[in-house]
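Structure record follows, encoded as structure tokens.
Chain IDs A, B, C and D follow the sequence of writing; residue 1 opens each chain.
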Amino acid sequence: MNDVVLEVTGIGKRFGAVQALRDVSAQFRSGEIHAVLGENGAGKTTLMNVLAGFVVPDVGTVTYRGKPLPFGEPIAIRRMGLEMVHQHFMLVPAFSVEENVALAHIPGLLRPLRASRLAEPAVRLAKDMGWEIAPSARTNGLPVGAQQRVEILKALTGKGDVLILDEPTAVLGPDEIDDLFRVLRGLRDQGRAIVLIAHKLSEIMAIADRVTVLRRGEFVGTGVPTPVGNGGLDARTLALWMVGELPEARHDRSVAASEEGLALESILVRGDRGEAAVRDLTLAVRRGTVVGIGGVDGNGQVELAEAVVGVRPLVQGEVRWRGERARAGRPQVAYVPQDRRGDGLALRMSVLENLLVAGHRDSALKRGPFLRLGAAARWARGLVERFQIKIGSISDPVGGLSGGNQQKVIVARELSSEPELLVVVNPTRGLDLRATRYVHDQVRRARNAGASVLLISTDLDEIAELSDETYYLSRGEVRPAALGAAALVGGVP
Amino acid sequence: SAPAGKPSGEAPKEEPFKVALLTPGPVSDAGWSAMAYEGLMAIKDELGAEVNNQEAGGTQIKDAMRSYARQGYKLIFGHGFEYNEPGMEVGKDFPDTVFVSSSGGQTATNVGAFRFYLEQGFYLAGAMAGKMSKSGVVGMVGGDDVPSIRSTFKAFRAGVLAANPNAKVQEVFTGNGQDPAKAKQATEQMIAAGADFVIHQANAAAQGVFDACKEKGAYAFGANADQNANPSGAVIASAIIVGKPAFVALAKQVKEGTFKGGIALMGMDKGAIDFVVNPAMAAKVPADVTAYVDELRKQIVDGKLTVPKDEF
Amino acid sequence: MNEFATILSYAAPVALAAIGETVVERSGVIHIGIEGGMLAGAFFAMLTTYATGSPWLGIGVGVVVGVLLALLSAVFCVTLLADQVVIGTAVNLLAIGLTRTLFALRFGASGQLLSVEKIPSMNGLDAVTIGTVILAVLVHLALTRTGWGLATRSAGEFPEATEAAGYSVAKLRYGALAFGGALAGLGGAYLSLGIAGSFADNMTAGRGFVAIAMVTFGRWKPVWALLASLLIGWVDSLQFTFQTKGWDAPFQLFVALPYLVALLVLAGVGRGANAPAALATPFRRSR
Amino acid sequence: MKRVFVEGGLVLAGLLLILIATIATFGLPVGESLRMLAEGSLSGGGLARTLVKATPLILAGLGMVLAWRAGIYNIGGEGQYLVGALGGAWVARVGVAVPALVLKPLVLIAAFLAGGLFAALAGLLMVKRHVQVVISTILLNFVALQFFNWAVTGPLQEASRRLPQTDRVPDSLMLFRLDRQNDLHTGVFVALASVAVVTVFLFLTPTGFRLRLVGDNPRAARANRIEPGRLQLLAIGLSGGLCGLAAGIEYLGITGQLGYGFSQQIGFLAIPVALLGGLHPIGALFSGLYFGALFAGSENLARFSGFGTTIVFVIQGVAVIGFVGLRALIERRRTPEAAL
């Protein structure tokens, strides 16, 4: 037990101008859950991609049980026994769940294949874990959380003795995270090596046997996480390792105004497959308040958000703004969608253009029928600076940014417009500590400026921290929940 | 305006006589365009001319004409009515070059047309089919819907009805003269509907017509060229254009400077059109039919019988 | 029965190309060049049979030529990540030019009506038409019931996942293109050796494009692509019936009829197009 | 900037090599052939011929840029071109009494509208019935060709009703010819102006911006309350309109009448023009010129090389493949980590 399975030595990797990894060394052992921690863009994903064969490093070596790892050959590496859960799901949207699982476990190209049979172990495991998955459902109809579950199950049922999971918890509910961790502990105890990336320190503290921290591509250190006070690697120290210094959290609850704002009256909204995704939902978000809605992903969150911002038609009921119906009194709306790459960004377009998605309506950036490109560029640079988006130039394609920075582009553009109604769904998904704080500050700022804020999130801490009123969504219905994470968790059936 | 491409000061050295041919489709169509190409080759062989040819349609036509004229080509032949108007226009700039199109109504001193009276051959084919058809149903398979084809079909129909007023004449266009499969399918259906004689105007697609006739036991007529020897063995006779002498004669006129413009109608009387029975099948043609066709031919040559044709 | 055999026979070139293109598109490549592949297949098949007298050898050569042209496309579309529609267009130009030039070189500039040995048939059915039906079923099974099928389909939907699962998208797409090329070549060869027994310049006359439309019409399913081809083939055959009957309508309407019917059917079934998501998107492995 | 020139140089050098190889393969004298290519496309009259041939390619290419930028794979340029021509010819016919100066723009506008509306048919099928544009436009091409053939033998046929073509428009209606010795006409300026207009539209107006956004990610557009359907309809309509305009320009610029063979595959060639131009209007301008020169040159070569017409297609096919291949190679070298 506990022998070194993967030995990483002096790995460096540069992408164009970005030094993603610099002289990183680490040891991953069997029978150990090893967390890798770092801010957005620290190089975690890149390192994992090196291990899995998707990125070839410029320098350095990795040995697997003493043998050199064949860089850039994912097939060979998988055969050797490395399984990976990618940060961006490697699920074929048009495939059923079982086909996706089967794809990961094809016995041979020329052999006959029955997806349902190949998916059996995964389905069984899901049942054992108490996770709900529908084997024959099309993947693209599934909520993100369910997709994450499939992605994890795919890897867990592989034969690999090294398991790499890149941010598997980002969209899971608390119960699901517990389930996952239980399984991971089990696998660890069977002697597998597990490498886990997560941003939440609480999660790391809960599960990791050892932690390696990266900062801006550089190796900071490896240690054993311990609860606060023992002078060991406690949460505060870890945070310091990650960031260098810790920004102050601000709490300014200056809720005052309570004018009428958004009101939902018995709305019924259908999902993509025609199911009643939101049922008979009534809710009011007064101006200057944040209403937080928690709950496990896939209970109508996306449909609710889309109905409120007017992207999805109402089947019944009405959405009012300051007492007026629908279009008449349309407020200035800002919307941070849940699926940033799917709904939020045009990945091949530049940072500037993605910011302009909101800005092109702004009369200050137009002259007559034309856009003022100079003014737009200045405006965009201002946002990049204000929101600390890490980019080379505003004309870079947004698809090349790290997930966190992509999220910041959306947040920046949506909050730049002094919205009256703000709808945000999982706004800090995959963001690091610093960025999360910043986004939270911005949401508060909008609220303090008098906006009605509808916050939908699977992150209960986030809801607890920001919301003035809290609810949870369950199967398309909304129920009030007492403030506080614990109560919320308790309230979810 | 000065003629371009021939600087006036140059010594009149023994410049070769140059002839160009423009066709609406590839000259490898074993039909309409191929016939003109053969004529061009005859001009080359018999007059020692320097010749060139190009496929040119629509917006390319005037450009091609100018290019050739500028290079000192003396005769530019456009094989279709669509070369007539461009010839008129370009001809104004190149008075030393003659522009002749296959049919077309406008002429100038250096612009003319000559038109093959293929209808005469088709009329005789129709006459033979009308006399010989057992079912009283005969068919025509066309490729592209162009006036020259319509006109020959009209003549064929007239020939059939003259021989057998009760006959039925079917007509099908495939819309493509280079698709033998389509031509074959059309012919098969025609035969299924009773036709036992089929004539075509399908250029390179004609093999499909012949094969269908062979497979389904019908007789076919060749068109444009003498197709009697076609390996299908289904061709009983061909209505042909004897193009070479006509082309050579025209080129000679141009070379000798005697071309005056105008429209020449090239028919059986000038030996430009013929109707030839396949010698291998001659035995299948009853003597009275042969006599009837020969009589009609004589009337045509003598000018006593005018075969209907469209003006185009 | 015989009627059906006839329709099957005339529809077979399009159906074969469509079945092949179905696989190609399922792998994420749209190969406009199948028109050229069919034409080259038709030409070289005819040339081979003309020279050797063996239609089977001709069919074989047609298939090989189809594969070679498709591999040429693959080098550009898959390896060099060039735009698939452009390369397909260029391959078509090339095929027209090559066949035309070689045809003229071999048979004289003014062409010939060629008649070559055809493949034998019984009651209007022959090995290729029967093979077409069997092939449609086999390809359907291969796509849905084998590892190759799953991997190939994933390459057309979400190539990143294919690579993550450990398969080379490039290899899968090369394979699919080669297969599609083989069927296009076969379709072309059958056109010249099974139906016409002849060759004429550009004799495929847009059948490759129709095949591409049939792939969509068939919802990217090989058996449905075959049925779609048969339906359109049947409508196409009606035009001659109508014309023969002497219906007083412009014949162009009849010629356009199959395309109009295809459009109407597509408009009717409309919703829920399941085009491969990564269709026509070059995939580059990042490393 | 420097890189652009280096790359441009590389591409040109590579193209030359490819061309030479092709010519040599077919046993033609290389030096002489190159001279003919250059003479046909560049020197004196050659340049005019290049411009004439480039004009419709640029216009239709711009159309493709618009559609493809909006994420619509319009391959129906050929049909839109034919229907556009018919629209123009129809107006020229019914408007005989209208003064030429007024009628001229009306004909062009009609060509634009006819092409645009025909394309919008495919757009409607996409938006309303989810029929893929790739397929509907392929099918509509066949339909348009038959429609065209019918129209010139039916309702639009010349007054004497003999030939399958329209009457020739009076000379006064033709676009002004810059040079009597060739077909160079003022349509060139329409093409250039269109490049400018499309560039401004795509990159400097909110609508153009939204159109590109829809092309890149329609879901993101929807999430931002930009309805993709209408913009896509607009894009394909404009796209077909430009193809129609290309036909109108050819009609009034060169032929003055419509008949079989009016289209020289302009609508198909527009796709490589747009794609080689990097789906950018300025790029389409240059690739249109490149193709124009290629056609002008290779036609000249075919005419006077004694080899005949057929080699044109081979040279064009090889040149396109070569061009795309070189571009792809360079692209590959430049961005070892390609963006999406």
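We adopt the following convention: a residue touches a chain if its C-beta (ideal position, glycine included) is under 8 Å from a C-beta of that chain, and two chains touch if they have at least 3 such contacts.
Here the structure is a predicted model, which is why all the values come from computation and not from measurement.
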item	value
Chains contacting each of chain B and chain C, listed by label	D
Length of the line joining the C-alpha centres of chain A and chain D, rounded to whole Å	45
Inter-centroid spacing, chain B versus chain A (mean Cα positions, whole Å)	74
Inter-chain centre distance, chain C versus chain D - centres from mean C-alpha coordinates, in Å	27
Touching two or more other chains - residue numbers and ranges from chain B	26, 145, 175
Multi-partner residues of chain D (each touching 2 or more other chains)	146, 149, 153, 308, 310, 337
Multi-partner residues of chain A (at least 2 other chains)	none
Set of all touching chain pairs, with the criterion as stated earlier	A-C, A-D, B-C, B-D, C-D
Complex contacts: residues of chain A adjacent to chain D	15-16, 306, 309-311, 333, 335, 337, 342-349, 353, 356-358, 360-361, 366, 369-371, 373, 397, 399-400
Chain C residues within the chain D interface of the complex	30, 32, 72, 76, 80-83, 85-87, 89-98, 100-101, 104, 109, 206, 209-210, 212-213, 216-217, 250, 252-253, 255-256, 259-260, 262-263, 266-268, 270-273, 275, 280, 284, 286-287
Touching residues (chain side chain B, partner chain C) in the complex	26-30, 33-35, 37-38, 139, 145, 170-176, 178-182, 184-186, 188-190, 193, 203-208, 210-211, 227, 230-232
Complex interface listing, chain C residues touching chain B	6, 10, 13, 100, 103-104, 107-115, 191, 195-203, 205, 237, 240-241, 243-246, 251-252, 255
Chain D residues touching chain B - in the complex, by the definition given at the top	45, 49, 52, 146, 149, 153, 162-165, 168, 180-183, 250, 254-255, 257, 259-264, 299-300, 302-304, 306, 308-310
